[in-house]
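Read from first to last, the chains carry the letters A, B, C, D and E; within each, the first residue is number 1.
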Amino acid sequence: GSHSLSGDLKIFLDTSNPAPRATMEAMIGRFQEMHPDLNIETTVIDREAYKTQIRNFLTADAPDVATWYAANRMRPYVEAGLFEDVSDLWAEPEIADNLASTKGAMTIDGKQWGVPYTYYQWGIYYRKDLYDQYGLSEPTNFDEMKSNCQTLLDNGVKCYTIGTKFLWTAGGWFDYLNLRTHGYDFHMEMAAGDVAWTDDRVRETFANWRELIDMGAYVDNHQNYSWQEALPFMVNGDAAAYLMGNFAVAPLREAGLTDDQLDFYQFPAITEGVAMAEDAPTDTFHIPANANNKEAAREFLRFVVSADEQTVINNGQNLGQLPVNASASIDDDKFLEQGFAMLSSNSPGGVAQFFDRDYPAEMAAEAMQGFQEFMVFPDNLDDILNRLEKVRERVYK
Amino acid sequence: MSGVTLESVIKRYGQTQVIHGVDLDVQDGEFCVFVGPSGCGKSTLLRMVAGLEETTEGTIRIGGRDVTRLDPSDRGVSMVFQTYALYPHMTVEENMGFGLKMTGHAAKDIKEKVAEASRILKLDDYLKRKPKALSGGQRQRVAIGRAIVRGPEVFLFDEPLSNLDAELRVEMRVEIARLHKEIGATMIYVTHDQVEAMTLADKIVVLRAGRIEQVGAPMELYRDPDNRFVAGFIGSPSMNFIRGRVQGGEVVSDGLVHSVSKTASAQEGQEVLIGLRPEHLELRPGSSHRVDLTESLGGVSYAHLIGPDGEKIIVEERGDHRSSDGDMVDLVVDPDHMFLFDAKTEARLR
Amino acid sequence: MSGVTLESVIKRYGQTQVIHGVDLDVQDGEFCVFVGPSGCGKSTLLRMVAGLEETTEGTIRIGGRDVTRLDPSDRGVSMVFQTYALYPHMTVEENMGFGLKMTGHAAKDIKEKVAEASRILKLDDYLKRKPKALSGGQRQRVAIGRAIVRGPEVFLFDEPLSNLDAELRVEMRVEIARLHKEIGATMIYVTHDQVEAMTLADKIVVLRAGRIEQVGAPMELYRDPDNRFVAGFIGSPSMNFIRGRVQGGEVVSDGLVHSVSKTASAQEGQEVLIGLRPEHLELRPGSSHRVDLTESLGGVSYAHLIGPDGEKIIVEERGDHRSSDGDMVDLVVDPDHMFLFDAKTEARLR
Amino acid sequence: MTVTALPDTETPKRGWYKRNEIAVTPWLFLAPAILFFAVYVIIPIFQSFSISLYDWDGLGVARFIGMENYAELMDDSAFEVSLWNNLKWLIFYLLAIPAGLFIALFLNQTVTGIRIYKSLFFFPFVLSQVVVGLVFAWFYLPNEGLLSNMLRLVGLGPVNVLGDPTWATYGIIAAGLWPQTAYCMILYLTGLNAVDPEQVEAARLDGAKGWKMLWYVIIPQLKPATFIAFVVTIIGALRSFDLISIMTNGGPFGQTRVLSFYMFEKALSEYGFRMGYGAAIAVVLFLIMLVFIAYFLWSMYREERGGR
Amino acid sequence: MFPRPIQQASAPAQTAYKTLLPISLILWLLPLIAVAVFSIKPASDFTQGNYWGMPGSFELFNNYGQVFFNSDMPRYMLNSVLITVPTVIGAVALSAMAGFALGIYKFRSNIWVFFMFVAGNFVPFQILMVPVRDLTLDMGLYNTKTGLVLFHIAFQTGFCTLFMRNFIRALPFPLIEAARVEGVAEWRIFWFVVLPLMKPALAALAVLIFTFIWNDYFWAIVLTQGPDAQPVTAGITSFNAQYRAAYHLMSAGSIVAALPPVLMFFLMQKHFIAGLTLGAVK
């Protein structure tokens, strides 16, 4: 901070899980120290509830800074004029230079509407000890993936745990299967509504998925569980792996898994020749258009993306994710290192945000529900795809 | 003077008229009783005097003042309700003083007046109790006390005793009579119990279907009813009526063994009803009537006779000889105690 | 034969005993009335006969059968309740036929029996109505009809007329009397109205505190009560009681101008109560009693006297001369109509 | 008691309020309630009607589209599912009535401690539906749940009630029946209290016993209690939201949605931005309810005419 | 009385009944008992699959301590109190007045005003959701307890008025007439005569509304967000989101959230049941 700030600064956070919450509060504490005259008021809202409440507080009781997600997920608010245009920040060299890689995800209509503060890789977290026990190694292609799986199943261990009660976890599987089957560009064409859901290529993706389902690769009754409730399967050794974002590492460690037991690999290739692409959702900070103290808010955004802070908040003790600032250093956490390596060198296809951030809200909601249904009743596929197609026709009108 | 005067008073509920032009004059200090069958408009009329029902047409005066359009509270009346309408959450004392308190009287003033009313009604021991802790008769007394306290010109009672059991009713009846003697205010009293009417009233008003049938002192109505309705209504058991005809200057009837002399206004050939009170009939062995049933109450018994035309007649018997079921008897009529009514108009033929 | 016999019948509710060994014999076809003050056990006894209350000890026989432990529906009794207890959701017809339907009679059969009962009770016009749409008297008739339809050996009535107004009560009373004549079944009837008891009963059972005080025909009890309780209970207005003493072979009392001869069993010097019925007293101008209040009902009036010791006496007056408030009078007693009771035991001294 | 002692009130000097006291007072007393009720209940009902004619995401500008939302509803399979589920709720929720009656009959005794039993049986009604939902969700857990464990005892396999689209709705309804049965039970207990004992005795003399007594004599007399139980159960069924939201969040794949939940999802949930569409669903729900409201008002009106 | 008093049944039947009572009660409350047991179990019981067995150790203080001192639950509870109490007061006050007007006075639109309240009371409240949310936003009361309170008062007024009006109507009308004859002003009749007589109804209604509002979830999530204003029902879901699969804590949290209405119920049982039946059966 070059000059001292004053007044109130209201910050809304959706980082309601204990670890991220502590991280954010500590970061805000440091900001407070720099600006002792600033009266900072922090509100942490349950992550799920936050998603429905954001539109209310943006219109009514707007804070000065609020967390949210990049890409399509912020579009409705941008279009409704509820987010402040922060292109000016992005014009500052400090940010322009160091955050270039995420600029695209923050851009709508050629302007930037917020700053990222973290991102994280998706991939398969697995029980290395179990793999070792059954003589398995990290798969690199779909066939290996399936044969690994078969071995586990033969030993009474499910290949993958998942909890689809809140649907989005199934979106992760679709993302990867689709990205691996047809590649990044096709996936994004679909997101843009240019491909029919009844298209044969889409069916191909589902056919691959179905192979896993028919094997019984997933834990039973996953429709009953949230993603956290699905963790114990892996902790207890009933399931061997979990396709998840890096945020899953913290609770898995907390539940008692050591780094010897837990490991990570990139989702294996399916169609040969399709460039590997990854999901790496970016979490963001925005200034609501109705904020009162935009000056302080801008200062806060600068602070958040600064290399030092990025280093601190993303380290293994804190968020355990990847810093968005190129000058920040990555903690020597084995998952972060693997993730960073994967994203920077092994995802030539591109980086997607995540299914429900890339696809328009309504489409995403319907589709993820369809994925869940498909995972339980694969035979309903035609029905599901026809339904999704109908939604597509309306949503992208 | 604080009598009550009604002039051509009419009450309509929407389209239906329930009081059809009533004229009545209740003297200052008089005890006036309204009687009549259920639904005849007794309560309505009383409530119009109280101001609880609007008077559709006509004028009501109390003590000479036109009160027709005044609020109930400005009429100088007190009312005692059938259900007592005591405030259950107040003590006896508070109940009696409530009206005065609400109209801004001084506490001392109120206390005095309550004390006096309580003395008159012997309620001193109960002043601190709530109505729930009182017997029916005591509640009734409190209700009256509440009326007294306001020192009204006119007391209105709507069947005040009908919720009491037979014994208490007799007792309270006597007490109300005493109260009237003691404070001497004008009182209007509605009842359907004719014993109450007979014993309490200075003046009875017999109502039928919203019209006055006859007004008079109790014994006047008993001895000299204007029409069949009043004759049948006053006296218990009710008067017997036998069809008859005026023939040859006399009244003849199958029900009577002998014809009796007609009264002045009866016309030759006119169809009449002969009214005979059970207590004015005597029986002697005969053939015209059969004793269908006898009811003995000890000192008195009632013989239910069936006449030649199947009409029913009740005869009161006292003394040692009583008839028994199945006896055949003749009626002995005392011409002095006989009433003639026109069979059609039911008006009295005097 | 279907009389009802109670043998040493006892009823206890937990620790409290409310019926203390009652023996009673009701003949076939007899009309038996239970009277007594409130809470004396009339209803309890009746309900024990019905089987609605368990009999703690003793035996109940109906028509010779021991029914003490039988279900109500197996005893061959019908009951008419004080509140009629008609099923509000059924029509009159269904109400009356319900019992037969429950015991599995054919619809045709039921129809016939209902039709007959309805004819007897003149209910034909109301068969399709629900009880709500009936007047009190009609409801009462339906309740009786329901009892008749089942063709029981014994009818039980628990204060069936107490919810009716005075006029209807008289009417229904007569109707019940007729019904008894017509169907001739045994009937047991509970009431606290002594007019009903007197007029309906073949046999009156006077109960007090769970014990029988006296059993007998109505006039028997009126003329020859066993004790002060029965004497005071039977007759209306109640018998007057004056304290007296047997002195010199005669009964003397301040309340009486002249002493009267004692009865056989009265001992010299014994404190007695002299019982005098209002209808057996006459007044003549005098000085011993003051007329406090008179109430005139037309044919009869009641003079409320206050005696020399402040005791209250009621005298019935008929005829043309009636006393008026404030008169000073003497009591004229007819020795034939005088009862003596022991002042302590209250037993009759005959 | 002289005339002069009376206040001089004969002249029309009295103020306007005093003269019209009886006519004006009720409106003064009603004013706040009517104001609140109109602003928050009555007017919003009409606003909902009007919003249902717009395409509006709740953020930007609303666009009038006439009946299009309704037309879309006709063709929306999720709406159809919700409608059917609402029907299931309506029908099966009514089981609370006989169940409540049964428990009420069971408890309508006078043994020591029965009052405690009655209140403990009533207990579930006091709990928040959120808590009830959680409790039953655990109860139904596919492996660890008490239900599966109990079934295992009798040799039946574990069931996944909430994960199975054919059973999930019934599972939620069963959870809802728990408090609702308690409610009906209390209504019936008070109803039984009001049954005229003399009528029961009359029926005993008439030879009615057991079920016959219940059917012919008791149940008809419980009509007022049944009516209210019916009304509150119908309302409860159509309002059901909390349990679904807590127990399945509408899933699996939307098979446990009902109209009220679906409209919330469409209008205000994470991915829902269609205020107009949500309002249209609400209007349909309202119209269904209107049938019952009309019936209720009608029967009340009939009763009122008999009253004062 | 139906069914027949068990005292009249045979001795074995009586014994059977008396044993059946506690058994059926336990079955009936089984889910609740389970939660109570959950709430004193250690976390390890759940990871070891000991869901329904005896608690491995007794963790009452730990678990509840966690809820009370280590979460937002106390704040949510306070919010609930601050929302519930004013709502109860407001709704009861408004409806007492409205009930008085509708129960005592005869005027032509009486029944229609009354029906408006009744009908409004029965609408599926979801239909109000969108407009009420907008209204609350417009008034700047979004995410405030006041906003929630105002709405609850308005909506409950329908039910309460139905209840109050029927209660007042059942009061003996001569009481009011007697007061009028005595010259008591109308508002004084309300205050001095009617209100004291309504005490049982007020108490019953207050308890009833208390539980209704305390247990409200839908409006809590529509009109509020976060621990600033949200009541405990909404709080418990975010609490649960935080401790997902930590059944012992969720159970403890649920029990804490359910406690006030339960206490209310047991303390005011008589009024509560009177309320339900008065409000309903009349």
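One rule holds for everything that comes next: a residue touches a chain if its C-beta (ideal position, glycine included) is under 8 Å from a C-beta of that chain, and two chains touch if they have at least 3 such contacts.
Because the structure is a prediction, the values reported are computed rather than measured.
**Student:** Considering only chains that satisfy the touch condition with chain A, which of them also satisfy it with chain D?
**Tutor:** Correct list: E.
**Student:** If you tally C-beta pairs in contact for every chain pair, which pair wins? Let me know.
**Tutor:** D-E
**Student:** Quick one: superpose chain B on chain C by CA and send over the rotation angle as a multiple of 5°.
**Tutor:** 175
**Student:** Approximately how many whole Å separate the CA-defined centres of chain B and chain C?
**Tutor:** About 28 Å, centre to centre.
**Student:** Using Cα averages as centroids, what's the distance between chain D and chain E in whole Å?
**Tutor:** It comes to 14 Å between the two C-alpha centres.
**Student:** CA centre of chain A versus CA centre of chain B: separation in Å?
**Tutor:** 93
**Student:** Measure off the straight-line distance from the CA centroid of chain C to the CA centroid of chain D, and report it in whole Å.
**Tutor:** 54
**Student:** For chain C, which residues are shared contacts with two or more other chains?
**Tutor:** Not one residue of chain C touches more than one other chain, so the list is empty.
**Student:** Check each residue of chain D and list the ones that touch at least two other chains.
**Tutor:** Residues 58, 141, 217, 268.
**Student:** Send over the residues of chain A in touch with two or more other chains.
**Tutor:** 48, 52, 59
**Student:** Mind listing the chain B positions that touch chain C in their complex?
**Tutor:** Answer in residue numbers: 174, 177-178, 192-193, 195, 198-199, 218-219, 222, 234-237, 277-280, 293, 295-300, 302, 304, 316, 318.
**Student:** Note which residues of chain B are touching chain E in the complex, please.
**Tutor:** By the definition above, chain B touches chain E via 50-52, 71-74, 77-79, 81-83, 85, 87-89, 98-99, 102-103, 146, 150.
**Student:** If you look only at chain D, which of its residues touch chain C in the complex?
**Tutor:** Answer in residue numbers: 196, 198-199, 201-209, 212, 216-217, 220-221, 223.
**Student:** Under the touch definition given earlier, write down the residues of chain A that touch chain E in their complex.
**Tutor:** The touching residues are 12, 16-18, 43-50, 52-53, 56-57, 59-61, 226, 228-229, 231-232, 235-236, 255.
**Student:** Going by the contact rule at the top, pick out the chain A residues touching chain D in the complex.
**Tutor:** Listed in rising order, the residues are 48, 51-52, 55, 58-59, 76-77, 79-82, 165-167, 220-221, 223-224, 356, 361-362, 364-365, 369-370, 372-373, 376, 387, 394.
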